[in-house]
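Below is one structure, written out as structure tokens; the observations come after it.
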Amino acid sequence: MKIHEYQGKDLFSKYGIPTVKGSVCRSKEEALLAYDKLGLSKAVVKAQVLTGGRGKAGGVKLADNRDELGMVAESILGMGIKGYIVDRVLVAEAVDIAAEYYFSFVIDRNVKSVEMILSREGGVEIEDVAKTSPEKIHKIPIFPFVGVPDFLARKASSLLFDDYGLIVQGKEMIKKLYQLMIETDASLVEINPLVVSKNGDLIALDAKINFDDNALYRQPEIEALFEPTKEEQKELFAKSKGFSFVQLKGEIGCMVNGAGLAMATMDMIKLYGGNPANFLDIGGSSNPNKVVEAMKILMSDSDVKAVLINIFGGITRCDDVARGLLEAFKQIKTEIPIVIRLAGTNEKEGREMLHDTHFYSAETMGEAIRKVVELTNPKK
Amino acid sequence: MSILINKDTRVVVQGITGRDGGFHAAKMKEYGTRVVAGVSPGKGGSFVSDIPVYNTVYDAVRKDGTDTSIIFVPPMFVKDAIMEAADAGIKLIICITEGVPTLDIVAARHYAFAQGAKIIGPNCPGLITPGESLIGIMPGNIFMPGRTGVISRSGTLTYEVVYNLTSSGIGQSTAVGIGGDPVAGLYFIDLLQMFQDDPETDSIVMMGEIGGDAEERAAGFIKERITKPVVSFIAGQTAPPDKRMGHAGAIISSGSGTAKEKVEALIAAGAKVAKEPAEIPLLLKTML
Amino acid sequence: MKIHEYQGKDLFSKYGIPTVKGSVCRSKEEALLAYDKLGLSKAVVKAQVLTGGRGKAGGVKLADNRDELGMVAESILGMGIKGYIVDRVLVAEAVDIAAEYYFSFVIDRNVKSVEMILSREGGVEIEDVAKTSPEKIHKIPIFPFVGVPDFLARKASSLLFDDYGLIVQGKEMIKKLYQLMIETDASLVEINPLVVSKNGDLIALDAKINFDDNALYRQPEIEALFEPTKEEQKELFAKSKGFSFVQLKGEIGCMVNGAGLAMATMDMIKLYGGNPANFLDIGGSSNPNKVVEAMKILMSDSDVKAVLINIFGGITRCDDVARGLLEAFKQIKTEIPIVIRLAGTNEKEGREMLHDTHFYSAETMGEAIRKVVELTNPKK
Amino acid sequence: MSILINKDTRVVVQGITGRDGGFHAAKMKEYGTRVVAGVSPGKGGSFVSDIPVYNTVYDAVRKDGTDTSIIFVPPMFVKDAIMEAADAGIKLIICITEGVPTLDIVAARHYAFAQGAKIIGPNCPGLITPGESLIGIMPGNIFMPGRTGVISRSGTLTYEVVYNLTSSGIGQSTAVGIGGDPVAGLYFIDLLQMFQDDPETDSIVMMGEIGGDAEERAAGFIKERITKPVVSFIAGQTAPPDKRMGHAGAIISSGSGTAKEKVEALIAAGAKVAKEPAEIPLLLKTML
């Protein structure tokens, strides 16, 4: 789960991590009000969208005075960045920057623990630094039970700063960031750029925090920050029914049991010349009600021209699956052609039960996919 | 004949009184696995499918002598369950549970590692040495004893592939589902090494998916250390970026973790990469 | 540092560890008042002294009713237990005991970590159980960074109890006790007996907590509980001057640099037929002011008939030590004979400086101690 | 010639800008010890007795290549200092500081141990291999190179005994002050084993004191494993119970940890126990 920069900065403030004063605004008027209320002179206006590359897209601009601020806020509000419409901006004090750094805590798959990543090359894409000058990036793995004691925070901070006053500021910040990471079940806490102002203060100029979806059950305050997009609302709805669902742009609706098999099904549709309309993992069991719900989700997408149901019957036998499907489709009225492929335990019995129905039944994935692609693309 | 487990492996089921734990304990026993004990705090003294249930893993270990455990407890209890198993002397811990907070796994894995225990999972279907021992939730009947090792990040896709293998007459030495979470226990490299060292394994099927760079690392390892033929398949070629494809770990972020990179790395390492699951047995036969 | 049972129970309550309701009382009247206020029927009166074996000494008694309580309180208040005068008692509800257990957390020197010690044999001296039935005592070492997670507390609790309800009560108690141990820098937290009442409740019927003196600097609330005895007040005063001091009952005052050498000096005095009046380690340096302060402490004990100063000059050379001693004794007026033994770097020069003074100077520890014993025991 | 340290040992002084740290850094250097660096957060870039000072142990290790450290920082910083040293790759950590909270040492020792580092102390005088390296606060001039290993829980008592040894012509291979705190790093048994294994050590002097049962355990170890002659002395025969005799660890509690028990155990183990320090060289000579 991702949150906006301003929400991240609120969390930073809660943990005593220095940021600049700012306020989130949804209109030009609010932006001007914030400007006055915060007593700003030079200010920065930053689009609040849940994607990277805001700067490059023109979503971050400086304003030298009140008038400029109004214009800048107006120009950013409503713009589109990577498909996201900017509905709010962060108006904040502009900082006189002496130097920029990169800092993050991330859960690393290979080290299998939290890792601290630091670089004196800040304000740029860390992936670029990693490619061009990997020696400028420091990585420090964190022992889960030990955490970040003073010595480790001091060591890390010493890698960024030479001045001892800054080393101490950095040390304190690092300890607090780790506390935030652990206490909120974050999977990423990134500050880019972390800056030193001309006054010698350490400031988190940006705040990017991702949270572990698996841990949201014990993080109600974090979960409350979630603002699903329309797309995500559909995914969430599917999740509430027990499905994993991702909307795509094709015309073949998919219903598969298991995430890996569902991905492989999508891949094969593409390989065979079709386009999947979605990823949908209906999970372990496939009782009639679940099939009904899944079909409703697929049919709510008007682009869907055909549906492929690909079920591997393991513990659940294929004849039971077929029985469930027949049961489910008694409740569903649809003209969309449906291809069903059952494999695994009792597959023959299952396929026989689908014989003489309006379903297209297939034996192999290849056969099923060829069929469903043909159904949506009759020219070929 | 196999890696990690065999017909002598004695298993304790943590969370045996839950719906999934109880169901699969019975299924495993039916398959022939030596399920010798179950654990469920507060249910000690009862029985599930004639398997004795204890309050703690210590009791199970003391009374029934086991060094392998399979975990079905709800996500919030997984960390404690893994640590308890490791502390009680369990050396192989298979965690089926899905939805475990990543930081819990980070801590539990670190603790278990320090106690000398190996973990498989979480969010995995378990593992099987066909004809000997099934410790997981896989449908045992689709497997066949043989000499091909299988490693996979997913569940049903593995079944699909194994089904194809078995139908083509290719049996499996051991098949391991390593799980779909970003942080997990034994992973490609560990298992590739085990299969390489196993005299009863002749070839390896490795099924990866988008997210992370474990497949790329595995490719590097295959190039340097693995002399047995490897056939691979990578799921998620059509997955959009920044979307979690079912598995918590199956997500392309900041442009890395794509299927394309993984496929290229594996091909460069000398592995054959199938375009679709059905191609795996065909490729394998060309290499044996 | 030790605290009273009632103070330990206050800490227990703060951490949510179940005890019985009770009140500390300094007179019969207070005891009766507490009896009424707490609404007791059967009650127990327990002497609050910082030593063990109160039960055997008659310092713990039951009272069936209010009248008996008054009598019992009166009889215990003012009694002497192992040299401690009872100036207060704990008046508490009497519990109907179903079973007694032993539980403690202790810092173990050999395991070099905190260790949990448990036994189903409670209410008796754990040392006796250790001797007669060591198999009845369970010891569980605690990893310092891991602490006591649920599984470990459950495991431990299962060693004490069979009933699952009690196992859960015990698990919770154990986790809280460990938290108390760590947060207060305790070196021992002992409950003996830990009881299960006839109602099935787990209750800490006693509370013995020792604290790490080295950690008191960061435990002001704990330090505030310290009630030094007269003897300890003298020790504390010495400590404030930079000395380690322990009062003994002999007639030879000792002033030594280093704890080990001071103990060896005491031992040799005894070996040679004398009796040390104290242990006094004046620490590393031996500047004149410290010697003056140390002499004041020794001379405040009227039993002291002679003083032995035993200094090993290492980094500090013996001639400097001799100069310091001469300087110090210009400020001290005393008739008490003083034997000085200087050894180590420049010892000859040091001894020469003491030549022709009123001090007895000796070359070896043996010589010095023979001399000082002779001075206090002229008959021999 | 020695155990643990020798003329090649390169030392970093943690807390070198403090009064004691600075004083003893100079003294050690004067003795001939290779004191190559000092650490004092915030004082990096300065010099103490021509020794370069760094902000972190990492800097010292990276720039001056050291694997031994001596700690003089105040008690509240000792835990962090030990952990930093161990994390930076220091393999032998000598902690002089007195008054360290026991739970801090428990944690730091555990961490250091996991990193493969050994600790001596806290609250100890350090150690010396006479004529080669002095890492501690002992007066170097009273020691003499030789073939007797010395282990002791106390400071000045050790000097007294060593002084007697040297005066009697008995030199020392290495002398180690293990410290007077209840929980400490290397202890009797570890060092007895090292001296037993050291071809340049012929005999061992072991000085114990009241408190704990380390001497009793050492006695058991001597009986089973040590073939070299051992002479011992136990301080505190006249110490009253429940009183801390200077050292935090020197306390007889609940009737255990008395000198009498320790002396008896050592005699039973075949060690000779001196009645007074001056007797040690005499007893030693009878055994060589």
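Order as written gives the chain letters A, B, C and D; numbering starts at 1 within each chain.
Note that contacts are C-beta pairs under 8 Å (C-beta built on N, C-alpha and C of every residue); 3 or more make two chains touch, one makes a residue touch a chain.
Predicted model only: the values in this text are computed from it and were never measured.
Student: Suppose you hop from subunit B to any chain it touches, then on again the same way; how many hops at least until you reach subunit D?
Tutor: When the steps are counted carefully, the minimum from subunit B to subunit D is 2.
Student: If I average the CA coordinates per chain, which chain comes out farthest from subunit D?
Tutor: A
Student: Hey, how far is the Cα centre of subunit A from the one of subunit B, in Å?
Tutor: Roughly 26 Å separates the two chain centres.
Student: How far is the middle of subunit A from the middle of subunit D, if each middle is the mean of its Cα atoms, in Å?
Tutor: Here subunit A and subunit D have centroids separated by 56 Å.
Student: Quick one: report the Å distance separating subunit A from subunit C, using the average Cα coordinate of each chain.
Tutor: About 59 Å, centre to centre.
Student: Multi-chain contacts in subunit C: which residues touch at least two other chains?
Tutor: In subunit C, residues 143, 145-146 touch at least two other chains, as defined above.
Student: Using the touch definition from the top, which residues of subunit B touch two or more other chains?
Tutor: Answer for subunit B, listing residues that touch two or more other chains: 111.
Student: What pairs of chains are touching here?
Tutor: The complete list of chain pairs in contact reads A-B, A-C, A-D, B-C, C-D.
Student: Show which residues of subunit D lie in contact with subunit A when the two form their complex.
Tutor: So the residues of subunit D touching subunit A come out as 41-42, 44, 55-59, 80-81, 83-84, 87, 111.
Student: Under the stated contact criterion, what part of subunit A meets subunit D in this complex?
Tutor: So the residues of subunit A touching subunit D come out as 146, 149-152, 154-155, 158, 164, 167-168.
Student: Please give the residue numbers of subunit C that touch subunit D in the complex, ascending.
Tutor: Going through subunit C, the ones touching subunit D are 52, 107, 109-110, 112-114, 127, 143-145, 182, 185, 187, 212-215, 217-218, 244, 246, 248, 256-264, 266-271, 276, 279, 281, 312-315, 343-345, 364-366.
Student: Where on subunit B does subunit A make contact in their complex?
Tutor: Listed in rising order, the residues are 27, 75-76, 99-104, 106-107, 109-111, 137-139, 141-142, 152-160, 163, 180-184, 207, 209-210, 212-214, 217, 233, 235-240, 243-250, 254-256, 259, 275-278.
Student: Once bound in the complex, which stretches of subunit A touch subunit C?
Tutor: Touching subunit C: residues 143, 145-146 of subunit A.
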